[in-house]
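Next up: the structures, one after another.
Consider the two complexes below, in which chain A is the common component and chain B and chain C are the respective partners.
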Partner chain A sequence: MSAPFRIAREEWRLWTRSRVVVVAAFIVAVLLAATSVLTALRLADEAERRTARQASAEATFFAQPDRHPHRMVHYGHYAFRTPPPLSAFDPGVDAVTGQSIYLEGHRQNTAMFADTRAAADLGGFAALTPANLYQLLIPLLLIIIGHGVVLRERESGTLSVLLAQGQTGLAIAGGKALALAGVAGLFLLPVAVLAGLSVTGGESPLAAGLLVGGYALYLAVWAALVLAVSLWVRQRSVALGVLVLVWLMVALIVPRIGINAASAAIDAPGKIESDLVMLAEERKLGDGHNAADPAFEALKKQVLEQYQAASVEELPVNWRGVVAGHSEAKLTALMNAHAERRMESEAAQARIVTWFGLASPTLAVGAASRALAGTDLATHHRFLRESEALRFDFVQGLNDLHATALTYADDAARSSDAEAEKRTRVNAASWRLLDTFRFVPDPAAARAARAALPLLLLFGWLAVLGGAIVAGARRLAP
Partner chain B sequence: MPPALEARSLSLVRDGTIVLNDVSFAVAPGEVYALLGGNGAGKSSTLLTFLGFLSPSGGEVLVAGRPVTQDVEAARSAIAYLPEAASLYGHLNAYENLGYFLDLAGRRVDRAAMDAALDQVALPPEARGRRMQSYSKGMRQKTAIALALLRDTPILLLDEPTSGLDPVAIDEFHAMVKALAAAGRTVLMVTHDVYGACQIADRVGLLRGGRMVGSFEAESGRRIDTETVHAAFAAREAA
Partner chain C sequence: MSGLLREARFLLRDRGALLWLALALLLSAAATGFGIAEVRGQRATIAALLEEDARDRADAISKQEDWGGAAYAAFHLAYAPPSDFAFAALGQRDTAPWLHRVRMLALEGQIHEADTKNADFGLIGRFDFAFLAATIAPLLLILLLHDLRAGERVAGRHDLLVATAGAPQRLWRPRATVRLAGLAFAMLVPFWIGAGIEGAGIAKTLAASVLVMGGLAVWGLIVVAVGRLAAPPPVLLAVLVGLWLALALLVPALSRAVIEAAVPVPDGAEILMLQREAVNDAWDKPKAATMETFLARHPEWRSLGEVSKPFEWKWYYAFQQVGDQQAEPIVTAYREGRLARDAAAEWAALLSPAALVERGFERLAGTDMRAMIAYEDHVRAFHADLRAFHYPLFFRDPPYDPVVLKGLPRYQPMP
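Here is the complex of A and B:
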């Protein structure tokens, strides 16, 4: 057995014989198991309720009687997003953004990300998830276990014996690195099991494998940091203090600074702010419920010309339906422009926060983890866009019915004429125009591409710390 | 044949303080050399330069005729080092400690050989399977000496080897060092135990303030006179 492996094995023997370490490892194992099971149970329960609600919402929508199509526009419908299997490990932004949207005419209802600003991109810490444990608590345990990995030898005098035996600093550091890597590997088992289970649940092996690899890289960064400090600092108490300080900075303070910096650099107005601005612009578009609104004069002229008609009464289509469709299209374009601006701002904020991974591997692994789990901001934005497309198609489908299946005369008279009102009711079979919405997670390759930058940052951290370890090992002396 | 250990005009400055100043001595193969001196005389630092843990500021140290700075690994492989505080692992028992360090040194030693070495240093058999954290200082020292014996190197560097040992164990240790020297091992020990040094050393060097201030050699078939050395030691310390 080579010297580094022998040194690593001895370190492991010490750790397994040390009750404190065993107890600490046991506590973390229990916490990981508990959070994994609880998160999985919670998600399974939510998935069950979501499926039931989706089925119920669809059944209720389709079961609506014959109605005026515009009443169905306002009746609305729910779109649900089923979280990907890996969200059991890292629910990401889902906890903040929600996973369902009420779709209705003239509105984009959604739990807008900007309400919580970039804080959501940290995944939120309201609930303790396995990802939180890996990102925050496991590094702390590595610090507790490993801060004295070299210093203990120095302080007890065994370092001088090891060196006098002919062991080089590099061999000793290599052995300690292997020992710490072994601990990190042990702590990776739960995420590996969860990732394996997610694959059986339909997750891509590539995404699951990369998630495990990402956390392996993250724990390797912490192990390397612990070893580097143990090599460069002269006293265990100082090493522990330094590492805890670094942990505080890297895991708690820098992420907050990153979020504040992103918020300061990129202005992302909240939903209420956006809605107020949009309301003012909406008024200029005209009221789609009022076909006589002067805002539609140009449209009226164009449609009359198109159909060679002298008045709206002579049109072969229901002018009110035409106005409703036109108004919805304009309004949707306005809402989409605002939504896109907001999403771009949020995405820009998230990019800034990700670049703060240069100063915090916790931020980097968080970004990679959410991207690979399919619970990141980009996934949420795609859900918003896809559900909005669904909403628009569904509303315009009803507006088309409004324009083509109803006469203008009946429509105009329906408030005062019961018979006309009856004739404006569209057969309930028409509600089937609503597409069944199923949100599909991004392919693994797309998620991997989004995780590439944060993973690269982690590699950068590892390379820098590796250099510090080699330099420290070369000057290792009793 | 070159000296097993040699210091040539060795100087050492650490953090602006002169630790060793123009120290020269040589230890022949099979010889027992004791460096005597008070606290801060530079004794342990001298040992550490032979191991390459400290680099000379001036002069040089040689092991088997080769400068340590040229091939520190070769120097270390020729030397078994016994630090002042017997530094072995408390969570391991004597066998595990010996097995681990010998394994790292590239030596495969079976249990019988370990027992023989532990017998030689008189570590009680019933203690050998217990973790060393329950050992007394003397027992730890004995185990460390056993390790040095089992390394089977031509040179032994001993830093205050009898510190913490009871009188019987000290006598046993002295006998053991003599036996090692008789078997051809070179021993360089640093100590402030004048009596012990004169009991076993062929030559004694007296260090004070980083300078070699005296040297004593046993006459043929006789031991170094303890009184003479003690008087010189006391006079130098009082100066």
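Here is the complex of A and C:
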């Protein structure tokens, strides 16, 4: 057996004898196991519930009776963001963002009813999730267990014995690294199990594998940090103090400072704010409910020319439906431009936060983890975009019906003539024009691409710390 | 007294301790500065929106020709401005909406709109003064105090010092007190300056300072109690960090999970679906049925409650209200569920000094759950005012005169 292996085995033997280490590891293991099981069950339940809700929303839409197509535009529809399989490990922004969105004509609603709105407020911490425990707790455990890996030998005088026996500093550091890697590896088991389960649940092996790899990298960074400090610092209590301080900065302070900085640097207008700006522009477009609005004169001229008709009454299509479709298209283009601007500024804020990963591996692994799990801000934005496309499709389908399936004369008289009103009701079979909608995560390759930068930052940390370990090991002296 | 002075002199020469204090000062300045920038941004947003809102409403009304159309077109901005203390605890303002635009349609379709910021903000959280005081400060205190005794033991001075001091308390108490006071002072000075700039009242600032010092005192007692163990400094520190982790992170998170399992809240999405079905069904139902439900709530309009044409505004707005009425039971359950969870959290916070301090700050800042629900209630009351203003116009239907709309209720934020 080689020297590093023997050193690592000795370290493990000592750890299993230390009550502090065993108790701490046991508590973390229990917590991790319980949280994993509970989160997985909760999210599986959520996924099932939202899928069922989505299906029932569609069934309700199809089951509507014969009516005026514009009534269906306002009846509207719902889109639900179903959590992806890996959300069992990292639910990400799922709890913070609304899970469903009401889709109707002329409006883009917000996603409503986020879990946090009804949450019990007990201060600054998010709910217990496996991802949170990995990001915050296991590094602290590695610190408690490992801060003395080299210092213990130094303080008990065995370091000089080891060196006198001809062990190089590198071999000793290698053995200690191996011992810490063993602990980290053991604690990677829960994420590996959850990732494996998600693959059986339809998740791509690439995303699941990268998730496990990302956390392996993260724990490796912490193990390297612990070893480097243990090599460079001369006293155990100082080493522990330094490591706890680094943990405090990296895990708790820098991520939040990143949020503050992003919020201060880029002013992302809320929806109401950008809606108000938009409304001023919208007024110039004209009101789609009112076909006599002067803003539609140009459209009228063009449509009359196209059908070679003298007046809107002579058109083979229902002028009101044409106006509704035209103004919905124009309004949607405007709303989308504003929504895109809003999402772009949020994405820019997220980029600023990600760059704070240079100073905090916790932030970096969090970004990578949410991207890979399909629970990041970008996925929520895609949900907003896809549900908007769904909204526009069914609204325009109904507006086409409005233009072709009923006559202008009936449509104009329907508020005062009950017979005309009856003729403007379209057969309910037409409601089938609504597309079925199932929200699925991005392809694994796209998620991996989003996670690339934060994972790279983690590699950078590991490389720098690896250098510090090698340098510290070379100059290791009793 | 001389003990305190002596320890203060020692502290000024202890470079390690001064480093922690400088860090606390820096973090406090950052938290306060960012907090002030954020609330100023929110106030500027509200001021800009108020102007745009009035312009938009005037323009929308100018194009209308009847009461119902004007009510349909006119939006009203409702908002909860940040309090003068909100800079210290942004609390629920990052996850709960504090801006709404409401109009005369069914309120349940509007009040749950979530005009919240970037989701990452709510997920990771801000670094505000409340977080610093509740969560970070205790850990700094632990780092500052954990080797009070053990450090002297390692230095070999412990027994000598205790012997010369006579009573051991005369030695450790001034030392712990000076360090604790130093930390509290380092954090509170930037906070006091911030409170002065923001014009937060003396009473609130004082209450917050007491909260900070009280929280630190509790943690100080914990550190001193653990410090009595005759263990080497690293073990003491490990035990203290474990305690901090349990009290500041795990207990709040576990309590939250338990409370949310024990106190169910109806699924919000159901409110919306129920309301939508009710509003849409009304188009197909006999108008008299809708009016009957409406008139049961508003008997004063019974004499004018008959609908004869296929479309009348009074019927249109009546079924909007009936939609709200149908959703009422579940809306009440949702509101009460949230309040019950908050009440349970108030008890659970007694288990965690960190949660207690954070909730205390949110209470002072008006950014807690109760304040956000009070704001929602306020918006509901305003919407009720809008209805009270419009119903006479719909039912009596006097000739349309836009001048009357100058008397529309105006939203006044809560004091």
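Points to keep in mind about this one:
In this section, the second predicted complex is superposed on the first by the 464 of 478 C-alpha atoms of A that agree within 3 Å, B and C clash if a C-alpha of one lies under 4 Å from a C-alpha of the other, contacts with A are read in each partner's own complex, and residues count from 1 in each chain.
Going forward, contacts are C-beta pairs under 8 Å (C-beta built on N, C-alpha and C of every residue); 3 or more make two chains touch, one makes a residue touch a chain.
Everything numeric in this text was worked out from a predicted model, so none of it was measured.
In the overlay built on the shared chain, the residue A:R6 is in contact with chain B alone; chain C does not reach it. After overlaying the two complexes on the shared chain, residue contacts for A:P478 are found with chain B alone; chain C is out of touch. In the superposed model, A:S160 makes contact with chain B only, not with chain C.
Of the two partner chains, neither chain B nor chain C is touched by A:L43. Of the two partner chains, chain B is the only one touched by A:L14; chain C is not. More residues of chain A lie in contact with C than with the other chain of the pair chain B and chain C.
Contacts of A:P255 after superposition: chain C is touched, whereas chain B is not reached.
Of the two partner chains placed around the shared chain by superposition, chain C is the only one that A:Q349 touches, whereas chain B remains out of contact.
Interface of chain B with chain A (complex): residues 48, 51, 53-54, 73, 76-77, 79-81, 83, 85, 87-92, 96, 100-101, 103-106, 144, 147, 151. Here chain A touches chain C in the complex through residues 20, 24, 31, 38, 53, 57, 65, 67, 71, 74-76, 78, 92-93, 95-100, 102, 109-114, 116-128, 136-137, 140, 144, 147-148, 236-237, 239-241, 244-245, 248, 252-253, 255-260, 262-264, 267-273, 275-277, 279-280, 283, 287, 346, 349-350, 353, 363, 366, 377, 380, 414-418, 421, going by the rule given at the top. Within the complex formed with chain B, the residues of chain A that make contact are 1, 3, 6-7, 10, 13-14, 17-18, 156-158, 160-168, 477-478.
Across the interface of their complex, chain A is touched by residues 27, 30, 34, 37-38, 41, 45, 48-49, 52-53, 55-56, 59-60, 63, 77, 91-92, 95-96, 99-101, 109, 112-127, 130-131, 134-136, 139-140, 143, 147, 150-151, 154, 232-235, 237-239, 241-242, 245, 249-250, 252-257, 259-260, 263, 265, 267-269, 272-273, 276, 280, 283-284, 309-311, 334, 337-338, 341-342, 344-345, 348-349, 352, 354-355, 358-359, 362, 368-369 of chain C.
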